[in-house]
Amino acid sequence: MTKITTLIHCKDTSGIIASVTSFIHKNHGNIVYIDQHVDRQNGIFFMRSESEFSGDNFELVKFKSEFKSSIAQIYKMKWHMHSDDYRPKMAIFVSKYDHCLYDILGRYNSGELKVDIPFILSNHPDLKPIADAFKIPFHHIAYTKEISEAAQKKQLELLEEHQIDFIVLARYMQIVPNTLIERYQNKIINIHHSFLPAFVGAKPYHSAYKRGVKIIGATSHYVTEELDAGPIIEQDVTRVTHAHSIEDMVAKGRDLEKIVLARGIKLHVDRKTMVYNNKTIIFS
Amino acid sequence: MTKITTLIHCKDTSGIIASVTSFIHKNHGNIVYIDQHVDRQNGIFFMRSESEFSGDNFELVKFKSEFKSSIAQIYKMKWHMHSDDYRPKMAIFVSKYDHCLYDILGRYNSGELKVDIPFILSNHPDLKPIADAFKIPFHHIAYTKEISEAAQKKQLELLEEHQIDFIVLARYMQIVPNTLIERYQNKIINIHHSFLPAFVGAKPYHSAYKRGVKIIGATSHYVTEELDAGPIIEQDVTRVTHAHSIEDMVAKGRDLEKIVLARGIKLHVDRKTMVYNNKTIIFS
Amino acid sequence: MTKITTLIHCKDTSGIIASVTSFIHKNHGNIVYIDQHVDRQNGIFFMRSESEFSGDNFELVKFKSEFKSSIAQIYKMKWHMHSDDYRPKMAIFVSKYDHCLYDILGRYNSGELKVDIPFILSNHPDLKPIADAFKIPFHHIAYTKEISEAAQKKQLELLEEHQIDFIVLARYMQIVPNTLIERYQNKIINIHHSFLPAFVGAKPYHSAYKRGVKIIGATSHYVTEELDAGPIIEQDVTRVTHAHSIEDMVAKGRDLEKIVLARGIKLHVDRKTMVYNNKTIIFS
Amino acid sequence: MTKITTLIHCKDTSGIIASVTSFIHKNHGNIVYIDQHVDRQNGIFFMRSESEFSGDNFELVKFKSEFKSSIAQIYKMKWHMHSDDYRPKMAIFVSKYDHCLYDILGRYNSGELKVDIPFILSNHPDLKPIADAFKIPFHHIAYTKEISEAAQKKQLELLEEHQIDFIVLARYMQIVPNTLIERYQNKIINIHHSFLPAFVGAKPYHSAYKRGVKIIGATSHYVTEELDAGPIIEQDVTRVTHAHSIEDMVAKGRDLEKIVLARGIKLHVDRKTMVYNNKTIIFS
């Protein structure tokens, strides 16, 4: 049995759901999940479905090609089909903070995270021992304030050599160059240690302390050229009081960052995210 | 334009979604929402959809009749169709606590709750002034420990006279007789002041205090013959500490009770609940 | 028995707690609650205590005078003592939204909120029927964009005539004039319908929708001259998804606004708030 | 500078706080934190304080001895004083689940958890590689259904040899023998994968699924002879829906279990827990 996840978006009009579901049914697929969303402001239709195709006769290539030349053409759809067999290849970028890295690798090791991790990349050598303990290759590409052209080139080569599908910035303390952002659009997941859009930029816990907020948060989002302004995948918050120092907030925030990044990664891996107009649709 | 909400459940099999969506499409309906759930343990398929039918030619009676004799028969469906024009008739049962009543009537008055409230019924006269302030008829049916046959009869008469669709027990401190429960199956919503199934029965805050829990809750559920064991519609919780006395818990709990009951009522009014095997499916 | 709540702040130094507790003990008071906070950045000590004085011989005036000339002078304290007998006088300012007003009056009527409400003031006549239903005087002071000097004068007169202790802006859609802010420093409580400092200003739900956040919030804070920048008393949040329209957010937000404002009022009434450096200390 | 944390409980009476704070002040200590609780039902007073003693002349032994013969005797206190220099020795018991172990060791490695971990003990060999990766001794004591006397003896010997202060059961799937519970009273922390007292015993996720709850939880508690009935240290919850299978709940629950156990451990290490009448006082 093959399980296919289909993501579709197109101009909203009547009859799309009926057409798609009938097409799958005619091709002997059983729809086990369907969810849709209509952005009424922009008149856009979004849909995610999971279908099971039994028997040895199912050919994904042929199915795709027929979908393309019929339904997809009629409704001028943008669409993707993914077979559940495939494990996406995920690169992790880190600097010196280790809590998100430990969390991701723990989930990976216990089989919770269904990805391959070809390598961990860092601008600092500090976390190599963790990569070693989990037996994952570690590449240290040094750079100071800005990433040099040579370093950028080396990064891209590594990513392409390993056919990386998406990148996780696990508290990576370095601006990602635009070349990389363009190459991996909606495929670079960052964790920001604030409840965005509050406290954009560096040192959000300092700002939160100064403003005297009673709740702090964390946000996982896709990286875009504008800093901390990309489509939000997931957010969560926790309470703080006047008694929490900045250091206390940093400590409390670590648990948030881990969870919110892990949830963001999982939603991406499960193909439950779509991006439109710098916002995400997150399917259930 | 007519908006129809359709709730369906039947044995799970391939092709149901395609059949239903095609049927609606052929009848010139535009599906604006669809959600489904498959209970894999029991092999049951559940679906909720909202469709818009434009034009003057749409006849709900004819549409229903055709649905019944075609799709519904093929898949042996249990189904309901509701027109969004209809405002359900809701009776409120209260005793002496007023916080849930204030909350419901405030939401009703501001137009948030799209129901009619033909009357409020109570086994105590205390809350009549609130009913008066909101200009809603108040019926006091006195009984002591148990509700007498005469009182039961009077209750049923009131409910039938006003063609009540569903009943809300807004901290109603009286066991509901089985005749009423049978007559209004999955149509009586109760608020229990604990995170069920913890602390079933009376005085849950006392039990919570005694056990030293760090979180208390509230649960809205459909009433069944077994006390506090009916299908759960909604739950929420709030933190407490060792410093909270039972009275503090009661006070904190009031805010939970109001919100959790209001959400339960809204889900019911919006036809977002289905019940199967003493559990709810809550559509989004 | 008299119960006295004492709030103190002064430069942090060794021995303050011992001095204060010994003083109360020597005056035959029993300390039933004590909490303190040290702002280490600024070297400021904050303390809240509750003490019970039994017997008919206790004289608050004498006690205060001795405290002033001994402990308070030694440590150069700023301090307040409040007898629990006194019910603070609270004025409510509203415009057209009624949900916070219903919530506050429901709590007031059920005895949950231990205040007197001499009057409700509005720049619109719409909510008068609610004030009438709860039998509270309603004053309509009309003004268009800005509040005129005559209207300001009338406001101040009303507040002073009724010896108002603090003001609650229950979704009051009008800038409060600086004269009022200065006169009632840290005594005007506003509810802002966002998780401040995100989405400062008007239409925060629109901004939240546009940014695609996954969580929305509400904030109760003391009003200062800078808009939405005053000391935060309480905040809370709730989840939203891509499927929530702006109207849905407004509806979900109403429940947050009610709760967060009610908690802010309660903390103020219970003398559990202190303000320093535009931040609050919130005692437990 | 020496920092001393003091935990006290005794019969409630007037003057305790004044006596204790004056005693510390006279001994040149600076109180930087004080919190107290009065259990009014049982008339018991609880207090936690942190005091800093500067200078080379401070002698903890002498200070304790004077406290014992003066204040402690007067009020018949049960009390403990802990110097912040000392790192408690924590043993971890595991079986086959690794998520809590990964989480604890990650926190330990990054310096967040201020303990020593002399060894990890298990009734299964499966998690040895993790212990190895973190360079912590791993002891496998095999037993089938029940733990044999020989195995019990071996356990106790290990614990005593390493002068273990407290034990963490990190999803340890084995009943702890009473000899161990008695020996380490309020010093064995367990994580139960439900919102206790709901779903006591094994397979709580199965029970939660069956009951159709909308929220699941986790509870860290001290182990007592009665199963899952010991004093609760910390609880937290997360939302589930009808769409969550038991496996989904297990997966969601893992994140809860990790966080709730970690918080429980931290509160214990920071001496913020006191136990009375099978309930905890958790200081802030």
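When the chains are written out, they are named A, B, C and D in that same order, and each has its own residue count from 1.
Going forward, a residue touches a chain if its C-beta (ideal position, glycine included) is under 8 Å from a C-beta of that chain, and two chains touch if they have at least 3 such contacts.
Remember, it's a predicted structure, so these values are computed and weren't measured experimentally.
In terms of residue-numbered contacts, B-C and A-D present the same interface, as over half of their contact pairs agree; the other options in C-D, B-D or A-D do not. Taking only C-alpha atoms, you rotate subunit C by 180 degrees to land it on subunit D; that is to the nearest 5. Subunit D has its Cα centroid 36 Å from the Cα centroid of subunit A.
Centre-to-centre spacing of subunit A and subunit C amounts to 42 Å, using the average Cα coordinate of each chain.
Contact with two or more other chains is made by residues 241, 243, 284 of subunit C.
Within the complex formed with subunit D, the residues of subunit B that make contact are 37, 40, 195-199, 211-215, 217, 231-237, 241-243, 245, 278-282. Within the complex formed with subunit B, the subunit C residues making contact are 98-99, 102-103, 106-107, 109-110, 112, 133-134, 241, 243, 251, 254-255, 259, 262, 284.
Within the complex formed with subunit D, the subunit C residues making contact are 14-15, 17-18, 21-22, 24-25, 30-36, 38, 284.
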